[in-house]
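Alright, structures below, take your time with them.
Note that chain A is present in both complexes that follow, paired respectively with chain B and with chain C.
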Partner chain A sequence: MLVHSRGARWAVWAVFGVLFLPLFALPLLVVLGASFATHWSGALPSGMTVANFRSATRGDALDALTTSLVTAVTASLLALAVGTWAALAAARLKERHRRIVDALFVLPLAVPSVVVGLSLLVAFSKPPMLLNGTRWIVILAHTVLVTSFAHQSVSAAITRLDPAYEQAAASLGARPAYVLWRVRLPLLLPSLTAAAGLCFALSMGELSATMMLYPPDWTPLPVLIYSATDRGALFAGSALAVVLMAATLIVLSAVSRVRNKASYR
Partner chain B sequence: MAEAVCRPRAGGGRSRPRGAGRASATAPRRYRWAAVPPVALLGLFFLYPLGLVVQQSLHPDTGGTSFRAYAGVFASASFRDALGTTVWIALASTLGCLVLGFLLALVIAFVPFPGARAVARFADVYLSFPSFLITLALLFLYGTTGIIGSFPFLATPWGVLLAEVTYFTPFVMRPLLAAFSQVDTAQIEAASSLGARAPRIVARVILPEALPALAAGGSLVLVLCLNEFGIVLFTGAKGVTTLPMLVYSKAILESDYPGACVVAVVNVLISVGLYGLYRLVSRRAGA
Partner chain C sequence: MSSGIRFDSVSVAYGGNVVLDSLDLTVEPGEVMALLGPSGSGKTTALRAVAGFVRPVSGRVFLGERDVTDLPPYRRGIGMVVQQYALFPHLRVADNVAFGLRARRTARAEVRQRVAEALEMTGMTAYARRHPRELSGGQQQRVAIARALAIRPGVLLLDEPLSALDARLRSGMLAELARLHRELPDVSILYVTHDQVEALTLADRIAVMDRARLRACGTPAELYRAPADEFTASFVGGANLLPVTVGSGGVDFAGVPVKVDTAGVAAGARATLCVRPHAVGLGEGPNRLVGTVTEVQWRGATHRLYVAVGGQVVMADLRELRDPPGFGDDVALHFAPEDAVLLPAGVSRG
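Showing the complex of A and B:
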C-alpha cells in the first residue's frame, strides 16, 4: 500500500475518478445512450426509441455486419495460418535469420494502414492480378494488417515453450510432423486462440485501409458508420457502432471460452 | 494488442527458457526452408506492393521524370502543414498518454480500490474497439448539436489530440500494469518504513522499474498516432490534415496517385524509422 492515510487515499481515488470517468467511460456511455435516442440537446438524450436498432439490423446494415464478420473471420484465419507458420519456421532458424524474419513480419505494424491500402491499390489494379473492385482486396488488406499481430503473439509463445516436451516426444521416436501436430500446436493452442481474438477485433474495426479499397458490393460496418455520421445521421451511426461493439464482444467472449477450455486440458 | 507488441520489454523480457536456444541449434538442417513460403507470401502481398508505391513516387505511370512529384509535393503548403500537424499531434498525444497512463496504472496497482480489477479489464476491452468510436462520442459532446456546447473544438487539432489521448492511453496502461505486478511490494514497504513519502517512492522505486514498459508503450503509441486515420477522418475537420489523411484525399478524392505515393513514402519513412529506432533502443535496454 503506497498511501497509508485514509484521507489521502480517498483524495487519490477522487482524482482517479475525475480523470477516468469523463475520459474513458463517458464516450462509451454517450454512444450507447445516443443509439437509443432521436434527440440530444440537454444533458440527457431524449426521444427514446429502438428504431435505430431496428434499422441497424436489417437491409444494408445487416449486409454490412455480415460483410464485416466474413472479412474478419477469413482474414484472422489466414493471418493466423501464415503468422504461425512463419513463427514456427523462424524458431528453427539461426539467430540472425530469425531476426530478419521477425522484423519483416513486424513491418506491417509500423507502416500506416492507409499506405497498405494504397500499395494494394497500386499493385493489384491491373492484370495479371486484378483484385481491385473485388471483395478479395479488402480481405487481403485485413490479412496483411493483422498478420503481424498473429505472428508476434505466437512467436512470443514459442519462446516461452518448454522444449522438454518435444525433446521427450522426439526421443520416443515421434517424427517431426507428429511432434508439431500432437505436441507443439496443442501447447500453443491458448496463445493461438488469443491471437485469433486479437486479429478478429482489429479486423472488425479496421477503417483506414478499407476506406481506400472497398468495392460498392462489399461494404464493412465501419465504412457504413462513417457514411452515416458523415451525412449527419449521428444517432443511426451510434446504433451501428453499438452493433459493431456487441458483435465484437460476443465473438471475443466465445473465443476466450475456447481458450479457457484449451488451457485446462 | 499491447500485450503482443510490448511483450519483450514489459519486465524481465529475457526470460527465455534455457533450452530454447539449444533446441534450435540441434534442429534438423532440412527445416530451414520451411520459412520460405510465409516470407514469400508476405513479399508478394506486402513488400512488392510497397515497392511499387516507391517506384510510382519516382517514375509515375502518367509520365514525368524522377523527383518531379517529390518537388511538387514538398513545395505545397498543404503537405508541409500536414507534416507539421502529424508530428506535433503524435508527440503531444504520446506525452499525454504516458502521463495519464502512468498515473492511472499507478492508482490501480498501488492504491487499489474495490473494482480496480474491473477497471483494468475495462481498459483491455477498450483496446478491442475501433478508434473512431471516440470521435463519434466527441461529436455528441462537442459537435454542432453538442451537449457541452457547440464550440468549434473538434475542428481543431485539440479535438484530435483529446481523442488520441483517450483512445491510446490503455495501450500504455497495459504494459505498465504488467510491469507493476512484478514490483516487489517489500521494496515499497521498506522505503516507506524508512520514512520515504509516496512521491519519493514513486520517483525512486516505482518509476525506474516502469521505465522499460513506459518506453515500449510510448513508442508504440507514437507510431500508432503517426499512422492514425479513423479519428481524424471522423472529425470531418477541414482544418486538421495529417499525412495519412493527405494520402487518402490525394488518392481517392483527387485521383493524384503519384502525389499520394510521395506522401506515403514520407509517412512510411517517418513511422518505420521511429519504430526501428524503438526496437533498437529497447533491445539495448533489455540486454
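Showing the complex of A and C:
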C-alpha cells in the first residue's frame, strides 16, 4: 500500500468512491435496474418484471446472442493465430523491419472502426471476393479489429521471454519447430489466454463496424440492443445488455481460470 | 559421440567490436578445461561459439573430428548448463530431463531408463515429480546437469554453473562435479568461470583469458608456480608483482638486492618479480625486505600484512600470528629465491 496512515487511506477510498463508483458502477446498476422494469418515471424503476428477460433469452434475441458468441470466439481464435504468428515472425526480424510489422498491426486500432467497416465493405462487395451479405464479412471485420490487440500483447510477451529457454532446448537437440511447440508456446500460454480474453470481450461489444456490414441472418447482440433502444424499447434493450454482459463475464472468468492454471511463476 | 573440442583461430565480433580474438585451443577427449577470466574477457563467447549460439566471423570449431562451425545448435549434440539453469518451468523434473531424449525421438522405454539413470547420478530421483519452482537453487542445478547428461553428450559445456549458489553449496557442488567427471571419463568438459578456486579445483588445464585473448594455458600447477605473465600471475592465485631491474645473479628491487633465477633475462632490463603472498615470511631470512606495515587483516587461519617497501606494497599471508605487528610498525619480510618468478615487465597488465 502506497498510503500508510489510516486516515489517508480512508480519504483515498473516499475519493475512489466518489469519483469512480458513479462513473463505472452506477451506469451498470441503472441498466440492471431498468432491465427488470416496465416504467421508470420516479427516482427508482417501477413495475418490476422478468418479462424483459423472458423475451431477451429466446427467439431473435437468443439467435443474436449465439451469433455474437460464435463471431467473438471465431474472431478471437483467428486473431490469436494471426497475431501470434506475426509476433513470432517479427521477433526474428531486424529492428527496423519489426517496427514496420508492428505499425501494420496497429493500423486497425489507429483507424476509426467505421472506416475499417467501410473499407471491408468496399473491398469485398464484388466477385471474386464477394463476402458482403454473408456472416464472414462480420467475422472478418471483428478479426481485423482485434488482431491488433492480440499481436500487441503477444509480441510484448515474446520480448520478455528469456532466450535461455530456447537455447537450452536447442542445445538438447530440439529443432526450432519442436522448441516452438514444446517450450515457447507453453511459456507464452498465460499471455495468449489473456490476449484471447481481451479479443473476445472487444468483439462481443463491437458495434460501429458491425452496423455497416451485418447481413439480416447474422445480427450480433449489440446491433439488437442498439435497434431496441433506437425504437424506444429501453427496458427490453437493458435486458439484452445485461444478457450480453453476463455472457461476456462468464466466458472471461472461464478464460481466466485457464490462465491461472497456465501460469508457472 | 565425438569428444574433444578444437578452436582453430576462432574470432567473434559484434559490429566492429571484437569479443574473441583468434582463439586457438584444444580440449582433449575426457579433459576438463577451465576458461578463466574476468567478465568481458571472451570466455563465455568462446563457450557459446561451441554451442552454436554465436557465429565466428573467422576460424573453425571442431567437435572431435567434425567441423561444426556451420551446424545449428540442435545438431551439435552437446550438453550445456548455464548459470540461471534455464529449467523449463512448465515441465516436471523428469520431463525436463527427458526433454532432449524426446526431442530426438528416443524410444519410450529407453527415455524412462535414461531419465532414471541421470536423476540417480545427480541424486535427484526423489524429486522427479516436482516442478522446477518447487526446488532450491542447488537442486535446480542438479536437474540442469541431469538434463544435459541424459542425452549422453561427448562434450559438456558449463557456463558459470556455480555462481548462483551460496559459498557452502558451491564447494559441495564442486566435489559433485569432480565425482561426475570420474564417472564419465570420456566426456570433455569446458568450464567457464571467473573464480580461480573453481578452476584450480576442477580443471585438468586452465585457459586464462583477458580482453578477448587467450593469455596462457596450462595445468593449474604450471600456471600457479610459473605464470607466464603478470595477468595470469595475479588472476590465478593472486601475487605480489614488484617492478625490478635485472642485475647479474639477481635483481634490484627498490634499492635492495634480491636473489632470484635470472636465466633468460638480459642484465639491466626492467622486469616484474612475482611472489605469492603465502611464500612471504615475517622476520629475518634470505631476500630480506624491510618496510612499514600499512594494513593488517585477520582472516581466521591467516593474517595478511600489507607492508610498504620502497614505495611498493608487498602482501604477506602468514599463519595466524599470536602477536601480529600493528599499523606503522617496521617489519622485516623474506622469501626463498625459488618461490619467486621473474616475468617480462608490464607487457600485459590490464
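One rule holds in what follows: the second predicted complex is superposed on the first by the 247 of 265 C-alpha atoms of A that agree within 3 Å, B and C clash if a C-alpha of one lies under 4 Å from a C-alpha of the other, contacts with A are read in each partner's own complex, and residues count from 1 in each chain.
Basically, a contact is a pair of C-beta atoms (placed from the backbone, for glycine too) under 8 Å apart; a residue touches a chain by one contact, two chains touch by 3 or more.
These numbers were taken from a predicted model, which means no experiment stands behind them.
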Combined model on chain A where chain B meets chain C, clash or fit:
fit
Touch test for A:V183: chain B only (first), chain C only (second), both, or neither?
second
Considering only the touch criterion stated at the top, classify A:L130 as touching first (chain B), second (chain C), both, or neither.
neither
Should A:S238 be classified as contacting the first partner (chain B), the second (chain C), both, or neither?
first
With the two structures laid over each other on chain A, which partner does A:A169 touch: chain B (first), chain C (second), both, or neither?
second
Examine A:V114 and indicate which partner it touches, taking first as chain B and second as chain C; both and neither are also allowed.
first
Considering only touches as defined above, state whether A:L23 meets chain B (first), chain C (second), both or neither.
first
Who does A:A11 touch here: chain B (first), chain C (second), both, or neither?
neither
Partner, of chain C and chain B, that touches more residues belonging to chain A:
B
State the minimum pairwise Cα distance, in Å, between chain B and chain C in the overlaid complexes.
6
Chain A contact set shared between chain B and chain C covers 162, 164, 167, 176
Quick one: in the complex, what on chain A touches chain B?
1-4, 8-9, 12-13, 15-16, 19-20, 23-28, 30-31, 34, 40-43, 82-83, 85-86, 88-94, 97, 101, 103-116, 118-124, 140, 143-144, 147, 149, 152-153, 156, 159-164, 166-167, 176, 195, 197-198, 201-202, 204-208, 211-212, 222, 225-226, 229-230, 234, 237-238, 241, 244-245, 248-249, 252
Contact set on chain A toward chain C in their complex
162, 164-165, 167-176, 178, 182-183, 186-187, 189, 264-265
Applying the document's contact rule, which stretches of chain C touch chain A when the two form their complex?
51-53, 72-80, 82, 84, 86-90, 99-100, 103-104, 131, 133, 147-148, 151, 157
Can you list the chain B residues touching chain A in their complex?
1, 3-5, 7-8, 15-17, 19-20, 22-24, 27-28, 31-32, 34-35, 37-39, 41-42, 45-50, 52-53, 56, 100, 103-104, 106-107, 110-111, 113, 119, 122-123, 125-134, 136-141, 143, 145, 147, 165-166, 169-170, 188, 192, 198, 201-202, 223, 226-227, 229-230, 233-234, 236, 243-244, 247-248, 251-252, 257, 260-261, 264, 267-268, 271-272, 274-276, 279
